[in-house]
Amino acid sequence: MSEYFGNIKTGAVTIATGMGITLKHFFNAIHRKGDAGLDDVDYFRQVDGLCTLQYPREVIPTPANARYRLYNKIEDCIGCGQCVRACPISCIEMETIKVAPDDLAVCGKTSDGQQKKFWVPVFDIDVAKCMTCGICTTVCPTECLYHTPVADFSEFDRSNMLYHFGNLTRLEAEAKRRKLAEIQAKALADKEKKAAEAKLEKKDGE
Amino acid sequence: MQELDTAGLGSVRVTRQSDTVVILEKDLATEQMVLAMGPQHPSTHGVLKLECLTDGEVITQAEPYLGYLHRCFEKCCENVDYPAVVPYTDRLDYLAGMNSEFAYAITVEKLLDIEIPRRVEFIRVIVAELNRIASHLVAIGTYGIDLGAFTPFLFCFRDREIILGLLEWASGARMLYNYIWVGGLAYDVPADFLKRVKEFVDYFRPKTVELCELLTKNEIFVKRTLGIGIMPADVAINYGWSGPMLRGSGVKWDLRRNDPYSIYPELDFKVPVPDGKDSVIGDCLSRHLVRAWEMDESLKIIEQCIDKMPSAEGFNSRSAIPKRIRPKAGEVYGRAENPRGELGFYIESDGKSTKPLRCKARSSCFVNLSAMKDLSMGQLIPDLVAIIGSIDIVLGEVDR
Amino acid sequence: MEEGKVISQSLQESAAAYSIIHEKFGSAISALDANETMPFFEVIDTSQWTEIALFMRDHPKLKFNYMACLTGVDYPAEEKLGIICNFESLALFNHKLAVKVKCARDGGSIPSVACVWHTANWHEREAYDMFGMLFTGHPELKRILCPDDWVGYPLRKDYKVQDQYHGIKVPY
Amino acid sequence: MSTTALSQFSIPLLMGNSLNAWSDALAGFYLFGLPLGLVIIAAIPLVFIALYSLTYGVYGERKISAFMQDRLGPMEVGKWGILQTIADILKLLQKEDIVPASADKFLFVVGPGILFVGSFLAFAVLPFSPAFIGASLNVGLFFAIGIVAIEVVGILAAGWGSNNKWSLYGAVRSVAQIVSYEIPAAIALLCGAMMAGTLDMQKINILQSGSYGFAHFFLFHSPIAWLPFLIYFIASLAEVNRAPFDIPEAESELVAGYFTEYTGMKFAVIFLAEYGSMFMVSAIISIVFLGGWNSPLPNLGGVALNDWTNGPVWGALWIISKGFFFIFVQMWLRWTLPRLRVDQLMYLCWKVLTPFAFISFVLTAIWEVYRP
């Protein structure tokens, strides 16, 4: 019998405690949490009160090192293709054309002074596939591939999630390719000619 | 454990006391009905399906069906390099990515036999314990939802949000971190990080008390969980239970203590087990209490780590990372204490390749869930919900 | 340094545990591979596997009451499939042992230990699902993670994914 | 007791004669032999309550729950999201009205209707002010208790007709729950009726008027009146399926209980009925124990607060605000407590509430007979 009344008593007391807590929160609803980021010194002085933000207008700030949208600064890209090999889910697609010797100056250097040896006509990142693991960015030798703190980049059409970073248009790429092919053909021809000459000389020598 | 032959009894409702089965109700048999619970049921915590045979509201048999989230993690691992497995481990137990990474990293390090800088170890422990708190907050909050209390859930998520913010600040991502690498860390923590974590600990302590008052001590909550789904210790061990589930059954077994890794031997923390005063040992309430206590212990661990943290001077978080991870031929089974139990990795290396020959994740939820059939026999549907909630499954880890 | 010592100590204990098993079963099991990371032995006479398992669980000095993990493995070079079980004596002793059991790659079978450790039940189902070895005496050997009508065993090294599954294109 | 109380209370004090006459005239309006006037009178509170349900009920519940959970709640539609519910209703109106192929079509369609009618019929006997009552029955309280039971039929029809196992569970649980809780609820209300000596709602209110305001309320009338008050409040929670007794719809167990299969306007009607019954039980408890439309403010010497704040319009204000207060408490409880299990629910009903209801019944009877 005492257990019976004890149960009723603990039930009433704990329910009252719980209701006290929710009522406290209810009256605390006049306060709102600010939208300072965690790197702010006052972060924990502003967390009391309603804590939701109205998203598109108020945003939780993303820290500077946040890894969200993958971005390639194509001016610095040397087309080494390490990121393509490193990506566990192959979301990066890359095509390179070797720069013709007379174009090296046109192709330019990276910001730390390294000569670029490849044109990169295609550098496509499918950010819909990208899982923001950041492995590609760690292998990148020129640090031109990095994640930006832009977290919201949703699209209505999935094809818009394919980001193109190539530094040549298709026509330019075609021209470069042809030029390279010519140079290579010429070099090959020269080589053959030389070889033939050498053979000839050899014969002559005999 | 005593097996119960239900064939001749018609409908029975049973409960377990230590290792005997006690029949509460019988001879109320009605026509049996197959009830498919899930995979889109609100309280199966994802895409678990339970096919229940019910007699009224009493479940006579429940058969779990898994695999709705199966993505062949192990096959993926065989096709990528050792470091590239880390982002996949995040996706095992997506509520505790840091802990999964930690388990994988120490396993490969065991195979590689490399020394890790001390500061790396401390940071690893801090982020892992923070993530443990975040994970337990989800477990406790969703358990509240399973039992009909919605408000504690949102309080839990409010605080978890801060932890996720902290981890985002450290690692760059909110849930799928890829932060703990084999041999080191992706980055050192930001300058003010430890200070902010300390502030978080101070902020969070009163919140756990409030949560306890609101949910754990609530009489209705206690009545809903006390004595439900009792699992005796020996059966729990035989089922391979681990983590809070096993401790809920009264076995003082914590890999951080019993198979110590990283810097855990240097830290002072308790392994909480229920004493049978507030709850029946092995029931849902015990498991819930263990989780609640563990949050406090994790806070203690974090505080100690911050105090003992070696300075950042001349520290490079990637200094011990091998240029190319190619372990010698051999096999290793490494494990760590995850919020949900023992997450083990069996890794086999052929010594030639930079990809693991075989990488098996021993998922704690998978093992814990395998007792479902036994636990659910003779329970009511609301109790079944309470039991699933107390197992605290993450389907990402169950189905892999 | 200290950590290394702990490991080697547990290795000694594991070796002691192995010798007890070896005493009983002799040539049915192979010699102990006493490496630091995972000491293991192989069951050569697979028909005795269940007895060995029971012995390991119930022997007062062994008490391997906890099966941590059961991994299925494919050995295409040996034309074999196998399982690796990691055991330990939870809260009683300090020894840990792994056991390997192998069977033929096509239609091979391994005795089930689901009756010895409940953990093995689902793990064996998973190994069957992924590798296709049979476990004789298993209470309900059916696929667990893949759908029942899935073709092939995904974790075999020579697995080719099926093109269509109920009209859905499978390869991504 | 009742005669003395009535005699000291004169009708002109109520200041509502013209309105009363108007409603009487309307009630006498017949068209082709149909009591059209009565229908209109019954429809007025119904329309009001429907409006309340749409705006305050759902919106209030969402806001209150949000504030208790440190959230903002609806904020987008209108200032502070005040038009959110209207937007929701517009959405629900446009939704396809799906009737599952294997459902029992008749029951499925008729279920929400019965539920709606059941919860709104009781409004006919609720006195909204001294001058306004839909039907001033001399067994008003009895009618109100009885008519709530019709809801059970609607719930069972909806749950059974859906041909869904979860719905069936919800329906069966609901029937068991509501029928059981009728008993303590009715006995607790009987205590109030005993104190009044009448079952007429309007008379119960009149008996609680007086210049001392709240001191005349039945809750403070006898030392044990708080017990039936509390019992009725708890039982009424169960009768309208509110947390912690929301097991018929228990979203984490039964998905949505008996209305799992409902969409569009039928779903909205079920929702409306729920909020309607919430107000109904709140109004009943404030009528029987808290003076209904009487002002709680006492006359303090020359400051005749009580006299100033009584009258038909004030009365409507008082009863509605009392009702809203109890709705607030219902929501407050809902967002604090976990849900009970079925057997615990029955335990509470049969082993706690019913015995205590009987005890309070006997004690009230003794008090009324041997009152000092």
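In this document, chain identifiers A, B, C and D correspond to the written order of the chains, with residue numbering beginning at 1 in each.
In the analysis below, contacts are C-beta pairs under 8 Å (C-beta built on N, C-alpha and C of every residue); 3 or more make two chains touch, one makes a residue touch a chain.
Only a predicted model underlies this, so the values are computations on that prediction, with no experimental measurement involved.
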item	value
Chain occupying the most central position, where position means C-alpha average	B
Interchain centroid distance [CA atoms averaged], subunit C/subunit D, Å	64
Euclidean distance of C-alpha centroids - subunit B vs subunit D, Å	45
Whole-Å separation of chain centres (CA-atom averages), subunit A against subunit C	41
Subunit B and subunit C: spacing of chain centres that average the CA atoms, whole Å	24
Residue list for subunit D, restricted to those that touch at least two other chains	68-71, 335-337
Residue list for subunit A, restricted to those that touch at least two other chains	15, 18, 21-22, 51
Per-residue overlap in subunit C, given as positions that touch at least 2 other chains	none
In contact (per the touch rule at the top): chain pairs	A-B, A-D, B-C, B-D
Partner subunit C, residues of subunit B touching it in the complex	66-67, 70, 72, 74-75, 78, 110-111, 234-235, 237-240, 251-253, 258, 330-333, 335, 342, 344, 346, 348, 358, 360, 362, 366-367, 370-371, 374, 399-400
Contacting residues of subunit D [partner subunit A, same complex]	64, 66-72, 75-76, 332-333, 335-337, 351-352
Contacting residues of subunit B [partner subunit A, same complex]	76, 80, 83-84, 86-88, 151, 158, 161-162, 165-166, 168-169, 172-173, 176, 178, 186-187, 190, 192, 196, 199-200, 202-203, 210, 213-215, 217-220
Subunit D-facing residues of subunit A, complex	4, 8, 15, 18-19, 21-23, 25-26, 28-29, 32, 49-52, 54
Subunit A - residues contacting subunit B, complex	7, 10-11, 14-15, 17-18, 21-22, 37-39, 41, 43-44, 47, 51, 60, 62-63, 65-67, 86, 88, 131-135, 138, 147
